[in-house]
Amino acid sequence: MKENDLIKALVSLNEKAKKYGINISQEMSKLEKKIGLAKSIRKYDRKKTKDAWDQVKLARNIERPKPQDFINVLIKDRIELHGDRYFKDDKTIYGGIGYFDDIPVTFIGTRKGKNLKDNQLYNFGMPNPEGYRKSLRLVKQAEKFKRPVLFFVDTPGAYPGIASEEHGISEAIARNLFEFSSIKTPMISIITGEGGSGGAIALSVAEKIIMMENSFLSVISPEGCASILFKDPSKAPLAAKSLRLTATELNKQKIIDELIKEIVPLHIDSKDGLSLLEKSIRKHLKEIMALNSDELLNKRYKKYRKIGF
Amino acid sequence: MTSLIVNHIKNIFKYNIKKREVNVEENSFLQCPQCKSMIYKKDIDKNYGICIECEHHFQISNKQWKNILLDEGNRIELFGEYTANDLLKFPAYYDKLKSLKRKNINEGISISEAKLNGIKVLVGIMNTEFIMGSMGAVVGERITLMFEKGLKEKLPVIIIARSGGARMQEGIVSLMQMVKTSASIKRYSDGGNLYTVVLTNPTTGGVTASFAMLGDIILAEPEALIGFAGPRVIQQTIKQTLPDGFQRSEFLLEKGFVDAIVKRSDLKEKLTKILKIHNYK
Amino acid sequence: MKENDLIKALVSLNEKAKKYGINISQEMSKLEKKIGLAKSIRKYDRKKTKDAWDQVKLARNIERPKPQDFINVLIKDRIELHGDRYFKDDKTIYGGIGYFDDIPVTFIGTRKGKNLKDNQLYNFGMPNPEGYRKSLRLVKQAEKFKRPVLFFVDTPGAYPGIASEEHGISEAIARNLFEFSSIKTPMISIITGEGGSGGAIALSVAEKIIMMENSFLSVISPEGCASILFKDPSKAPLAAKSLRLTATELNKQKIIDELIKEIVPLHIDSKDGLSLLEKSIRKHLKEIMALNSDELLNKRYKKYRKIGF
Amino acid sequence: MTSLIVNHIKNIFKYNIKKREVNVEENSFLQCPQCKSMIYKKDIDKNYGICIECEHHFQISNKQWKNILLDEGNRIELFGEYTANDLLKFPAYYDKLKSLKRKNINEGISISEAKLNGIKVLVGIMNTEFIMGSMGAVVGERITLMFEKGLKEKLPVIIIARSGGARMQEGIVSLMQMVKTSASIKRYSDGGNLYTVVLTNPTTGGVTASFAMLGDIILAEPEALIGFAGPRVIQQTIKQTLPDGFQRSEFLLEKGFVDAIVKRSDLKEKLTKILKIHNYK
């Protein structure tokens, strides 16, 4: 913790210096060495994280808090609810009810591991159709009981496996998009890390999309894009840049509603980031909970309707 | 894991270049990829693009599709004013768009208002000649406009689906078209209107995972590849052989995702029956 | 056909004689022998079919027309629709759209075989959860397009297998009961043969229940009941009688809305029976299609609500 | 085939007679069917009917259930005026009913209006001492009345489910209770009301296939047998060994049909949390 405090102080100093146009990078290096933090500092140099590929790597950092961590911090008195009522309980999807502040909410998150064992348990964050169907069931229940829904998304995408296709992963994603578009309860989607393609967007139909600074949302993974279009998987960094997938970029394009700064990247210390996120959710929730259901659905429809032209 | 997930569009591209031989020469022979027979292209063309030996369904052009499905005359092309832009300044995309426009190839879907055996319909035919029929802003916008028009005018919608998925070169905008089209179908559907989709070879990725799976009635051509991830990606991920016929129409029928498999030569009649029983005249 | 005509004529003669109190059984026997029909006649002696157990056997007669035969005769221009959109197309359930007279309808039937091969294909008429989920999907579509629904039921019950339980046969049946109770489109259920327990009732939530004379509807099979309560499976005939499961009995109790006479049992000749059924469906359909959806749902609710007290 | 389908209630009967030993003597020892320990009955009673060695959940009486779940005082028994009749004059049923009434055992479910940690609730507790908690006219009627009352007064409903299924001795009337109860739950649910069901050992047959599977939230006690057909019937039908833990709560959780498994000792607290988050006070 002492280390983290020092890091935060250094980063803050560096930020302020930059703000006033003073270059202190040389002094910073010396300070870093002095307190033996060179490696840590480099990990989250904010200038460097402006590079899309670095941001992708930060989003995927194994020590970065996962959606279940976000949920466990932000949602109180949780009750996890299981199962799709058709075939399976997909452990990758963490869904249930709890309180945000004093507001009963339904939460849906993609679970990811921070080690191999958990990653196997959670299928590396890649949901099967059953996971999406569970999410739909819980969202419909939220609608019935007039609870807002909070999504926490960090997934490489839907799982590409035999059973996943057999059980209709396409249908499950499409069904979520279709149904979520007219669910009569406020919905907010928070992208916390990787926002991988259809598997992520199936949990991102909402009035408000909030992204953590070191998260991304993309039509395809940079590696996939590089290998298909540039015929060279090693060109993933170029693909990441070309896809304009970072939270910062998407915020600029007004695709999303808010970007939550990570002064310190979350894998080093998540307290400040989560606190900012909490405030943001509070603000947006207040706004959309004041809407009647027609206004809500129109807002949601228009949000996506306008993208493209 | 991420590199395992994708690549599939790559494979689908390969797959289709192989199959697209059919579009080359008028008087040439073609080898049917299924029965290996050498067949006159014109004999295939006369037969709905179906192999006269083994009934393999070749990919056919949008023009051929229109001639098969729609009554002559009174075919109005809709929403042609929406054309692709290089929104992200994505490497090589601008040049690709320019060259396609030069060849007068008009985006991944064309929308017609026309009659099908006398019944007024809106028909979207996807076009694999335009970047694999991938869905970018234009495809998404045209489909959404079609469903919005269908809702307003209470017209039935038919889509001939075939696509490599979302269009990478338009980044997030492409991804969001999945939501946009699906949301427009929800409103259309809540209005009590009929949407029939015909899945043809290949229908994959973000297109399968959005509007292509949302038909009130989902038809498929025989043996079409239909899936989210491509077969080779899955094989790479799981390191097992895939079951016979995996992700083919017949497989999807068995798994409960397709209402019926219809030969292209029977399609117009089948659609007519479907439209009539839903009280369209 | 000539044989059938003779049989019908004989039966009709016998019925009329009885009606006027004339006993011609001796003469009948002679006539039967004379034209070599003794066996056939015995098969459908109407007096004998009044016995519950014989009626059960008639309902199960392998040559009796199965729901698919009813559908193929009564519904024109059919389009079969497949799949539950979750897991499988259950071939036991035959569902689709077509015309009854000029009215577009959705039909749902349980398929049964008339030989071993078909019976294996159709799982001896026992649906899996996927079949019930397909039926729910098609019924919801009927509601959207304001088409009446016609069920044709002949099943020993839902399938007692591993996958059936794994995939939630209980949930699937319960879900049908729950959803069908408020589907805003007219529904008629026709019991054509065996009406086996929960597996049959899951397709019998309707404004009108019509039963063929030689069909039955029971909380449990007579064999099951005999073996549990009488500790002796051979007492199935007693169980059949005690359960009061025959169409005639249920009609007397006003549990059902109409009983369709089988002057000739359907396995011998189905023409007359089907023609009577067709008229009955026409009459009931006309009546319930005239109701608005509130009236419809109230009628359906009250139909079941009143049973018991 | 028919003889293969049923019999399961028979097996469940057997099953329960074995487990019901718990109800015999106050000061006796019991052998836990799971860990085989010999335990004082009173120690089990004090521990929510849970084995103090291995947490096996014994069946407990309705009175014990009420004491576990409901606040003291102000427990109103509802719909007790509906009692069973021998509608069909079914062999031996009349005598059975008479003897149960003599023992003052009151039908397959008892309904209470009461408070649960101060929150007003309607609670239905099934009673396996009355013909295996089977559902006939009375059970169906009381449940339906409970949901109708819940709808009218906007009260949350909780059911402790345990049953051998539909009651054979009431024939078609029993079967129709499946529809009747489910239809009343639909109306209650459409009114925005909360129904929580707790599946306990054993819940089978027509009860599982109707109201027991229709909770907004479905809880289950550990290791409870929950299914439509009984395990032995299935084994007879398919002639294969059944998977380990087949049809037990944990199996249903994995298969997606149960929201959570809750120990009896935690149940009141869990229900309180559930009620509060649904704004019941």
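Note that the chains are named A, B, C and D in the order they appear, and that numbering of residues resets to 1 at the start of each chain.
Just so it is clear, a contact is a pair of C-beta atoms (placed from the backbone, for glycine too) under 8 Å apart; a residue touches a chain by one contact, two chains touch by 3 or more.
Since this is a predicted model, take the numbers as computed values, not measurements.
Shared contact partners of chain C and chain D comprise A.
Annotation: 42 Å between the Cα-based centres of chain B and chain C. Averaged C-alpha coordinates put the centre of chain A at 54 Å from the centre of chain C. The geometric centre of chain A is 32 Å away from that of chain B, both derived from CA atoms.
For chain A, the set of residues that touch two or more other chains comprises 85-87, 167-168, 171, 175. Residue positions of chain B with contacts to 2 or more other chains are 189, 255-257.
Inter-chain contacts occur between A-B, A-C, A-D, B-C, C-D.
Partner chain A is touched in their complex by these residues of chain D: 189, 192, 194, 216-217, 253-260, 270, 273-274, 277-279. Put simply, chain C touches chain A in their complex at residues 85-87, 133, 167-168, 171, 175. Touching chain D in their complex are the following residues of chain A: 77, 79-89, 97-99, 104, 130, 134, 141, 144-146. Chain C makes touch with chain D in their complex at residues 60, 124, 126, 156-158, 160-162, 164-171, 173-175, 177-179, 181-182, 194, 196-198, 201-202, 204-205, 217-225, 227-230, 233, 238, 242-245, 250, 253, 255, 300-301, 304-305, 307-309.
The residues of chain D lying in touch with chain C in their complex are 1-10, 13, 82, 88, 90-92, 136-138, 140-141, 144, 166-180, 182-187, 189-190, 205-206, 208-214, 226-229, 233-234, 237-238, 240, 242-243, 246-247, 255-257.
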